[in-house]
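What follows is a pair of complexes built around chain A, which joins chain B in one and chain C in the other.
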Partner chain A sequence: MTYLENLNKALRELLETTSDVVIFGEDIMDPYGGAFKVTRGLQRDFPHRVLTTPISEAALTGLANGMALRGLRPILEIMFGDFTALCADQILNHTSKFRIMYNDQVKVPMTIRTPMGGGRGYGPTHSQCIEKLFFGIPDLRIVAPSIFYEPGKLLKQAVSDDMPVLFVEHKLLYPVELMTAGGSGTKVEHVPHILGYPISLLRNYASGKPDVCLITYGGVSRFVPSILGHLADEEIKVVACVPSLIKPLPTKLMCEIVAEASRVVIAEEGTGQWGWGAELAARLHESLFHKLCKPVRRIAALQTIIPASKTLELTVLPTAENIEHALLEMVE
Partner chain B sequence: MTLYIEAPLLNVNDEVVTLIRWTKPARSLVRKGEPLAVLETSKATFDLESPHSGYLHAFVSEGETVSVGAVIAALTEGVDEVPKKPAAAEPGAAAPDSSRKITKKAELAARKAGIDLNVLRASVPGEGAITESDVSEYLSRSVAKKASEAPSFPDLVDDAFPTNRQQRLLIIGGGLGAVQVLDSLARIDDQRATAIVDDNPELRSKSLMGVPVLGGQKDIEALFAQKLFDAAVVSVSTSIGFRQRMYEKLRQLQIPAANVIDPSARVQRNAVLGGGNVILAFCHIGSCAILGEGNFLSPYIDIEHHCKIGNFCTFGPGVMMSSLVNVGDSVKFGTGIFIEPKLSIGSNSIVGSGAILVGNVPENSIVKTTMGYTIRPRS
Partner chain C sequence: MSDCSERCDTTLRDGIVQAERGISSPEGLKWTLYRKMLQIRRVEESLLQLFTRGILFGTVHTCIGQEPCGVGVTQALEPATDVVWSNHRGHGHYLAFTGDLQGLISEILGKASGACGGIGGSQHLHNRNIYTNGILGGTLPCAAGCAFAEKFKKTGGIVTVFFGDGAFGEGVVYETFNVASLWGLPILFVLEDNGYAQSTPKALEHAGEISRRAESFNIPITRLEADHAVSVWQTASGIVREIRRNQRPQLLALQTYRLAPHSKGDDNRDPQELEAHWAADPLKRHRQELAAEDAPRLEQLEQEVGEEIQRCIDFAINDKPMETAHFLKYVDQG
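Presenting the complex of A and B:
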C-alpha cells in the first residue's frame, strides 16, 4: 500500500467511525479530489462533512479553530505546505494559545494536513519544507510521517489528540510503497512514545554496536533503505532513527541511540540554518558531550531558494548521495 | 526526415496524459501549427499543435494514457514512408569495476594496520568482496609468519670489555616520550640507547633519533637473550597502566629497569630511587626523598626533601611539592601544581593542572580547579 492510499483509507475510516470529524480544504471536491488526491472519493461519499472551500488559508484555519473549540475534530488540508505561512497568525496567536489562555477550560483538537517538499520542479514557492517556521511555537505538535510507519495511523492519532497538530506530509512520498516491515537486510523496530507517535529504528546489521547513527524524518526517509543497503555492503553498521513526532523532540530515545553509535548525522530537507538539525544537535551536545567521538554533522538544503528546474533542484536539496557520503566520512 | 512527437509535460502535477482523440486522420498531411490531437491532464484538455509539417503516423490509440515524454506519433516527409517507433532507451549497463571490491570497513582496518590494499587484494583467496574479517585474518597470518621466521636483528654487539662501558638501554615505546628520553640520553655519559620496541607496525625498521625500532613487545625477550641491551626503560608518559604492565613484564623476564635522569636534574644526598624512573631536565629531588619505580617526571618537577612518591606516577611540567609530602601509586599530575608540606595524596588519583593543594587527597580522587578566565579579541 502506498503512503497516499494509506492516508486516504485512514481519512475514510475516520469519517466512518467518528462523527465529529470534518474535512475541508481547497479543491478537494470530487472528481478532482484535491491537488494530490489524498481526499479522492471522500466528498462523493460524505458530501456534508467533506467541504471544498474558497482560497483563504487564514480564514480556513480560523474556521478550524472555531470548530475545534465547539467540540468537532476538524481536519484542514492546506494544498501546499508553502501556504501555511498564511495560517501562521491563526496557529501562533489562536490555535496554540487558547488552551492556556483559557486555563484549560477549552481545547483545540484540530489537525492541519499539508504536503511539504521539493523534487518535482514546482519552483521556489511550492517546494519548500517550512515546518521550521512552526517549531518554536509552544503547545503545537508537529508530526511528519515517513515511509516506515503507517501515516494513516499517525493521522488517526493526530485527530484523537486534544492538542493541535500540524501534520506534515511529503509530496514525493505519496506514490511510495510503505516499508513498515523493513526491506532486505534492514530491520525495523517501532518504539512507542508517550505522546502516541512512535519512533522507527532501522538497522542494517544483525548484531553488535552501530558505527554511526542517522537521524531524519518525513520525506528524507525515502533515501534511507538504499543508504542502509549500500553501507551494509561496506560493512558499515548504521542505525537510522526516524521519529514521527518531530516537535516536541523525542530526545530521550535519540540520545540513547546516538550514545551507542557515538557518531551522528542529522538529515533534513529544509534549509539547515536555524533548523530542526540545529536544535537537535544542541540537545545531543547538551546530553552527550563526552560520548560523541566526532562533532554532530548536519545535512540540509542550501540556504537559498529552490530552483524550478529539476536538475538544479538536486544541487540545492539534500540527496541520498550527500547523506551517504557524510555517513562514510563520519566513520573514517 | 522523420520527426517524432512526444507527449508533452502540460501540468507539473501529472506524469501521464490521456489522448482523447486525433484531430487529423492517419497518414494525412498536417501543417506546422495545426492542431494534431486533444490531450487531457488531471486539470484540463489541451490541443496539441503540430511542431512541423508532414504526414501523420499515430502510435497511440484514442483513450490511451501514456507517460509524459513517450513518443506518440511521427511526421514523415513522404506519404508512403513507414516510420519505425523508436524503442525505449535501455539503461546502459555500467562497466564492471575491474579491481576487486574491498568494503569500506575492511579498507579502514587495512589502512589502520598499514596494509597495502593491492597486496591485500592479491593475498586474500576467493573473488568476493574483501571484508573486515579477511583483513584480521590476513593480519594474524602475517604475524604468525613473522614469528615463525628466525628473528634477524642488525649487528649491535658492543665490545665485551670497553674501558668506558656504557649501560645499553632498550626504550619501550617509540612516541613523543621516547623523543624526550633519547634527548636526555644524548647528554648522559654512562648510558646509551641501543634499540626501541613499539607495537605500531608503521614504525618497524625505522629509526628514531638514530636508534632503530627492532620490533614490538613480544620481541623484548629475544633482544635481551641476544644481549643487545642491559636494561630497559618505558618512555610512555601518557598511560600509567601501560608503564605498570611493562615493568611487571620486565620483572618476570628478569630484565633490569633503568632510571634515565637528565644531567640538568639534581638528585640530592640520601635520596632513594627505585628503577625505571624517567626524570627530565631541571627536576629537583630533595635530600632523603624516596621515589618508587616507573615514575615519569616531566621537566621542572620539585620533589622536596623527605617526600615519598610511590610507583608509576606521571607528572606534567612544573609540579612543586613542598617537604614531607606522601604520594601513593599511579597518581597523575597535570601541569603547574603546588602542594603544601606534609600532605598525603592517595593512589590512583588525578590532580588537574593549576591545582594548589592545601589538604589531603583520598585514594581514587579527581582534583579539578575551576579558576575561570576570559579571552577576548584585542580592540
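Presenting the complex of A and C:
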C-alpha cells in the first residue's frame, strides 16, 4: 500500500467511525478529489462532512479553530505546505494560544494536513519544507510521517489528540510503497512514545553497536533504505532514527541512540539555518558533550530559494548521495 | 451544510424597521440594561484608576460610551447555548453576557481568581460560551467555525462576534464573510463603528461606507445608532430571531463613540468633539429616563452596583496570583 492510499483509507475510516470529524480544504470535491488526491472519493460518500472551500487559508484555519473549540475534530487540508504561511497568524495567535491563555478550560483538537517538499520542479513557492516556521510555537504538535510507519495510523492519532497538530506530509512520498517492515537486510523497530507517535529505528546490522546514527524525518526517509543498503555493503553499521513527532522532539530516545553510536548526522529537507537539525544538534550537544567522538553533522537544503530547473533544484535540496557521503566521512 | 441554493437578498435597512415589528420591551428591561451598563462603566473607570495607582499591571481598552452595544446585543442572546466572540475592547461584552464581575476584575489584576487565572488578562477572556482575543479580525473565522459547529451539532445556538471599524482593514474579515454566507452559518457580525482605529480616524483608513462591504456577500445589513441600549436590544432581538430561523449570517452595524482613550492616556482627538459626545453620553441619557420614573429605586441600584464592584476589587487586590508551579505545567516538554 502506498503512503497516499494509506492516508486516504485512514480519512475514510475516520469519517465512518467518528461522527465529529469534518474534512475541508480547497478543491477536495470529487471527482477532482484534491490537488494530490489524498481525499479522493470522500466528498462523494460524505457530502455533508467533506467540504470544498474558497481559497482562504487564514479563514479556513480560523474555522477549524472554532469547530475544535465547540467539540468537533476538524481536519483541514492546505493544498501546498507553502500556503501554511497564510495560516500563520491563526496558528500562532489563535490555535496554539487558546488552551493556555484560557487556563486549560478549552481544548483545540484540530489537524492541519499539508504536503511540503520539493523534487517536482514546482519552483520557489510550491516546493518548500517550511515546517520550521512553526517549530518554535508552544502548545502545537508537528507530525511528519515517513515511509516506515503507517501515515494513516499517525493521522488517526493526530485527530484523536486533544492538541492541535500540524501534519506534514511529503508530496514525493505519496506514490511510495510503505516499508513498515523494513527491507532487505534492514530491521525496523517502532519505539512507542508517550504522546502516541512512535519513532522508527532502522538498523542495517544484526548485532553489535552502531558506528553512526542518522536522524531524519518525513520526505528524507525515502533515501534511508538505499543509504543503509550501501553502507551495509561497506560494513558500516548505521542506525537510522526516524521520529514521526518532530515537535516537541522526542529528545530522550534520540540521545540514547546517539550515545550508542557516538557519531550523528542529521538530515532535513528544509534550509539548515535555524532549522530542526540546529535545535536537535544543540540538545545532543547539551546532553552528550563527552560522549560524541565527532561534531554533529547537518545536511539540509542550501540557504536559498528552490529553483524550478531540475538540475538547479537537485543542487539545492539534500540528496541520498550528500547524506551517504556525510555518514562515510563520520566513520573515516 | 451548504445552503448555496438558498438565495438571500441583501438589504440595507435601518434599525427602526426592526423596532416597528412590534418587539416590545419587557417590564423592567430598561432597569436591567441600565444596571449592566452602569456596572461596565464603573468597572472600567475603576480599572483606569487602579492603573494610575500602579495596582493594575498591563493594559486595558475601555468601552466607555459604547456600553449600549454589548449590553443591548447580548440581552437578545441565550447565554446557555449561544456563543459570543469579542476583541481587545471586550470587558463590556464579557460582563454583559456572563455577569462574571469577580472573574473579570481578578483576571485584569492578574490574580488566581481571574476568569483565566490571570494568564489571559484584559484581552484574552473566556468563560463558558464567550471567547475574546486581541488579534483584530482573527476572531471572525474562529466565530464562524463555532457557528458551523453549533449548526452541525444542531444545538440551536447561534454565534455573535463583536469587532470594530479598525478590524475592517484585515483581509480575513472578508474571507469570513464569504464562507459564512456561502455555507449558511448562523452568525451575527456586530460592527461597533466608533470612528477610530486606535488614533486614526476612519476617513484616513477606509474608502467607502464600510458597512456596505458585507452587501456583496449577500449578508443582510442593519444599521443603527447605538445611543440607547433598549433600541439595540430591540433591533438585535429581531435579527437574532431571523438568524435562528434561517441559519444565515447578518451584519448589525452599530454607530457608536468611544468616550475614553483607546487604551489609557493616549487620546489626541479634538476636545470639542469629545465634549459634544460626552454631552450625548448614552448612560447619562438612560439614567435621566430612569430618574424620572423612580428616583429612589435608581439611587438604590447605583449604590448596589458600586458596592458590588468595590467588594470584587477588594477581593482581587487581596487574592494571590496563580502559583508559579501551576503555570509551569504549560511548558512544552521534550
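Here, the second predicted complex is superposed on the first by the 332 of 332 C-alpha atoms of A that agree within 3 Å, B and C clash if a C-alpha of one lies under 4 Å from a C-alpha of the other, contacts with A are read in each partner's own complex, and residues count from 1 in each chain.
Note that in this section contacts are C-beta pairs under 8 Å (C-beta built on N, C-alpha and C of every residue); 3 or more make two chains touch, one makes a residue touch a chain.
What you see is a predicted model; the values in this text were computed from it and never measured.
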| item | value |
| --- | --- |
| Chain A as common anchor, with chain B and chain C clashing or fitting | fit |
| Partner chain in contact with A:Gly196 - chain B first, chain C second, else both or neither | neither |
| Partner chain in contact with A:Tyr32 - chain B first, chain C second, else both or neither | first |
| Touched partner set for A:Leu51, first chain B, second chain C, both or neither | second |
| First (chain B), second (chain C), both or neither touched by A:Gly183 | neither |
| Larger contact residue set on chain A - chain B or chain C | C |
| First, second, both or neither for A:Tyr102, with chain B first and chain C second | second |
| Chain B versus chain C as contact partner of A:Gly71, first or second or both or neither | second |
| Partner chain in contact with A:Asn93 - chain B first, chain C second, else both or neither | second |
| First, second, both or neither for A:Gly229, with chain B first and chain C second | neither |
| Per-pair minimum CA distance [chain C against chain B, superposed on A] in Å | 24 |
| Set intersection of chain A contacts, chain C complex versus chain B complex | none |
| Residue ranges of chain A in contact with chain C within the complex | 22, 48, 51, 53-54, 56, 58-72, 74, 89-90, 93-94, 97-98, 100-106, 138-139, 248-252 |
| Residues on chain B engaged by chain A in the complex (per definition of touch) | 12-13, 42-43, 103-106, 108, 129, 131-132 |
| Residue ranges of chain A touching chain B (in the complex, touch as defined) | 32, 35-36, 120-122, 211, 231, 233-236, 328, 331-332 |
| Sites on chain C touched by chain A in the complex | 1-2, 83, 116-117, 119-120, 124, 126, 131, 133, 135, 138-150, 152-153, 159, 171-172, 175-176, 178-179, 182-183, 330-334 |
